[in-house]
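Shown below is the structure under consideration.
Lettered A, B, C and D in written order, each chain numbered from 1.
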Amino acid sequence: MKKLINDPKNVVDESVAGFALAHADLVTLSTEPLFIARSDAPVSGKVGLVSGGGSGHEPLHAGFVGFGMLDAAVPGPVFTSPTPDPIIAATQAVDGGSGVLHIVKNYTGDVLNFETAADLAEAEGITVRTVIVDDDVAVKDSLYTAGRRGVAGTVLVEKIAGAAAERGDSLDEVATVAEKVVAQVRSMGVALTPSVVPHAGEPSFTLADDEIEIGIGIHGEPGRAKISLEPADQIVDRLLEPILEDLPFESGDDVLLFVNGMGGTPQIELYILYRRAAEVLAERGITVTRSLVGNYVTALEMQGASLTVLKLDDELTTLWDAPVQTAALRWGR
Amino acid sequence: MTVGTDWATAWVRGTIDTVSEHRAELISLDREIGDADHGENLDRGFQAVATKLDTLTPETPADVLKMVASTLISTVGGASGPLLGTAYLKAAGSIAGKTELGSADIVALLTAARDGVVLRGKAEPGDKTMIDAWTPAVEAAAAAEAAGADVPAVLSAAADAAEKGAADTEPLVARKGRASYLGERAIGHRDPGAQSSSLILREAAIAAGEK
Amino acid sequence: MKKLINDPKNVVDESVAGFALAHADLVTLSTEPLFIARSDAPVSGKVGLVSGGGSGHEPLHAGFVGFGMLDAAVPGPVFTSPTPDPIIAATQAVDGGSGVLHIVKNYTGDVLNFETAADLAEAEGITVRTVIVDDDVAVKDSLYTAGRRGVAGTVLVEKIAGAAAERGDSLDEVATVAEKVVAQVRSMGVALTPSVVPHAGEPSFTLADDEIEIGIGIHGEPGRAKISLEPADQIVDRLLEPILEDLPFESGDDVLLFVNGMGGTPQIELYILYRRAAEVLAERGITVTRSLVGNYVTALEMQGASLTVLKLDDELTTLWDAPVQTAALRWGR
Amino acid sequence: MTVGTDWATAWVRGTIDTVSEHRAELISLDREIGDADHGENLDRGFQAVATKLDTLTPETPADVLKMVASTLISTVGGASGPLLGTAYLKAAGSIAGKTELGSADIVALLTAARDGVVLRGKAEPGDKTMIDAWTPAVEAAAAAEAAGADVPAVLSAAADAAEKGAADTEPLVARKGRASYLGERAIGHRDPGAQSSSLILREAAIAAGEK
């Protein structure tokens, strides 16, 4: 394991400290308990948005704290949900009197810790609503599993809900928009190499020199199948098929196409994937009206990528286009 | 024969040590079918418990278990933090106010703990989770108590059953937690949470003086 | 070699095509010869900015084409300078009548091909000036080498010169600002793992499991020394010392601190480096007034990072802050 | 004995093949002290030359060399593209209009090529670049011509000297090109550009019928 770290125990604290230093114009840092909040939080009258989860997925979530997106991000240890304490503290810190929305990726740990935090925050008099993101179509038979995982689609939920909150929507309205995004977004990923959790020091899974894992999760949880390495275009077809079938996306739909890098994949490869995905969508009569390409929801240094498709309508498009000013996503100001 | 606050304290001390000793093993079980952090999570939690224990002057066993509950909830995170935290919290609730615990109290405590995990996690037996250690443990403890066993024997029966339950998770497909994403590929691997729960229950028996 | 590609021969063409599709609002693509230009090029009366070089360093350069930065980017084959033809074509495409600035990283191939292109473009009646970026302090004794390499500092040159052009500066003025940035910027990098050029199929160098390469170039050219892996803070100190000594940066200076990922390094590690670098600068009385953290000048999937420090004054700060709208760097609009 | 357009065409055809055969070897030399693309760069260039050659109806050797020059400049990129392109361009210029070349013309051609590389790249002998193949080649060719050698013998002498010159780059520290960043670490590795230039010069001799 070669990493640019000091003591593995301090990875999250030091990284978050560096993040807060580098983006002091956007965020403030709380160390005890650990969370990152918008520097102007709480914004009076605005619905507060809190997300969080295990670290190792950067820029998710701290990179999306700022105007038009999240009010606070709560980083847990690497690949481990944060405990309720910092979630409660972050919820209190960003409550502007109009309630707080928790955006939670669907993992047992995240759901349980946010649930506990929401109960306790409600007990303190803060209205909390929770939206669970579960966009990963790789998980089949969700009745017999912990349910679909929340993966790259989370960024789209955070951006769009953030814009709704910023324009003054009520907590229920923001939650409704967030749920609409969840209902209309689907993702699936592939890994070429595993990632190494710093405190574990060993890869979380192994792949042979010519093997890839289709349907990988963002913690390196195995996916649908290990297969032999194929040309990128075929891999795109393999990922896109279950995504398109699932909603289903249909001819005439307008969509946002999001090619997400898992952390260790060079950008030159992400755009090769984008090219093919755009081609397939065009063949099916689906129009890509918005796009996003880059490392947004990562799994440490994993080599791989995920494809995400979100069905757009006027409301979602307007909210996507609205100004956002965060470390990792910024436009319009 | 009954057990009291000293037993609860000894149980927790034993757990701190066993979790630390088995940290790497639990990480590696979790690497196989999860995300390689279970040993790290529990060790972080029980090290925090160790610090708190030094300053705690508990009057009842429930005081000890309540502290463990809130410390685990505050420091573990992941799935196991709220689940085990709730287990300790409900266990403490079931023996609230008591200073000495007999066999029936121990059965109540174990049952409450297990029910707490089910309440939060909604897992059923056979889902390949820590429930597969707790449920056989509760059943074995109840049977032993019904047969007139004393506290050490009840706890030994619970620990034996939990160990067997943990081992019995190996052939299962998981239906809860991260391992559920694996489908058939989880077969052949022991559930890390069931394993750690069986370690915890063994310490309860040892603290009661099981031979 | 596991990569998300199709035929290695088509990597650049397919990736650039995907880029142009994903960012059709910002850029237009020319395929024969291959270059990416601002969609509103040529901007009448504005100095045109053209950069380029081997591919594999994405988002450099195409990711920086757009309002307030480059007018065109010319991608060569992976790690190989483009030929003069596309450089000439790009130069013609973006000439708004006020001349064109070529921003060239200091490698023999880049310098020679841009030089030939500039000669031929001048012969066509376009005034061309060239700025050579050579910020890499890892190369010592530049008298006895091809000179210092142009690395991550190139982004800062492109941003600041782009802002100068956008506000209406003349070609000479834009060139003068660009040269000022070159004069005031210094960088140095480290690699933990090599990168694999698609057509070569093998790592360009090897590092043992506990070895890192200090002073690495962005093509995997070896650096000053192979050493044993150290804690991140020590690595930062090792990189920063030659940077600070070289200009030298002094107590009282205002600087922009730029931590650049080489492509395969997770963001969590980049911020750990940032934290220590900011700490060292603070100890020396140097004030970080602007910052940039991310994968901006990469070497395919190489794991590693570089540190860049730019001495700021009011003019450079104003130009840095000016609006920019490109795929990889965007603010203010 | 003189050589003409057929010789120039044969030389270029031979070069196309030898570059393709040695592609991997040149990549791997460049991997050691550069960026692993020299074989790829030249092969891309000479494959483009191959396409053009099929449609070219050259009247003089200079026509052939000019086409090679502009094709390499347009397709190779990197350092070697403009350098070798200039070499061919200047070589063509030195024999402009001639249809038959004697020994003195060959020496002039080689000298012009070498001077072109120096003009663009500013390298000196001993800098561990392609110049270390070209300069001994020019000198050996001039010496052979002065001693009355015919064209094949002049070109053979040049190719022999270039081969030796390429081998002699091995102990050198580089002072130009990417390898210069390596300092002492370049020692022990042959310069890829010197090697490819020696391959090119050998084809010139073979095309002239060297035995």
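Operating definition for what follows: a contact is a pair of C-beta atoms (placed from the backbone, for glycine too) under 8 Å apart; a residue touches a chain by one contact, two chains touch by 3 or more.
Please read these numbers as outputs of a predicted model, since none were measured by experiment.
Any chain bridging chain B and chain C, meaning touching each of them, is among A; the list is complete. Averaging C-alpha coordinates per chain and comparing to chain C, the farthest chain turns out to be B.
The geometric centre of chain C is 32 Å away from that of chain D, both derived from CA atoms.
Distance between chain A and chain D, defined via averaged C-alpha coordinates, is recorded as 55 Å.
Centre-to-centre separation of chain A and chain C, using mean CA positions: 29 Å. Counting partner chains per residue, chain D has no residue touching two or more of them. Across the assembly, chain A contributes 78 as residues in contact with two or more other chains. If touching chains are joined by edges, the resulting network of the protein chains shown is an open path. Touching pairs of chains, sorted by label, consist of A-B, A-C, C-D.
Of all residues in chain D, those touching chain C in their complex are 27, 31, 34-37, 40-41, 44, 73-83, 120-121, 174-178, 180-183, 185. Looking at the complex, you find that chain C touches chain A at residues 2-7, 11-12, 14-19, 21-23, 55-56, 58-59, 63, 78, 190, 192-193, 195, 209-210, 212, 229, 231-233, 235, 257, 259, 263-276, 278, 288, 291, 293, 295, 298, 300-301, 303-305, 325, 327, 330-333.
Taken together, the chain C residues at the contact with chain D in this complex read 54, 76-85, 107-109, 112-113, 115-116, 138-140, 144-146, 149, 197, 199-200, 202, 204-205, 217, 219-223.
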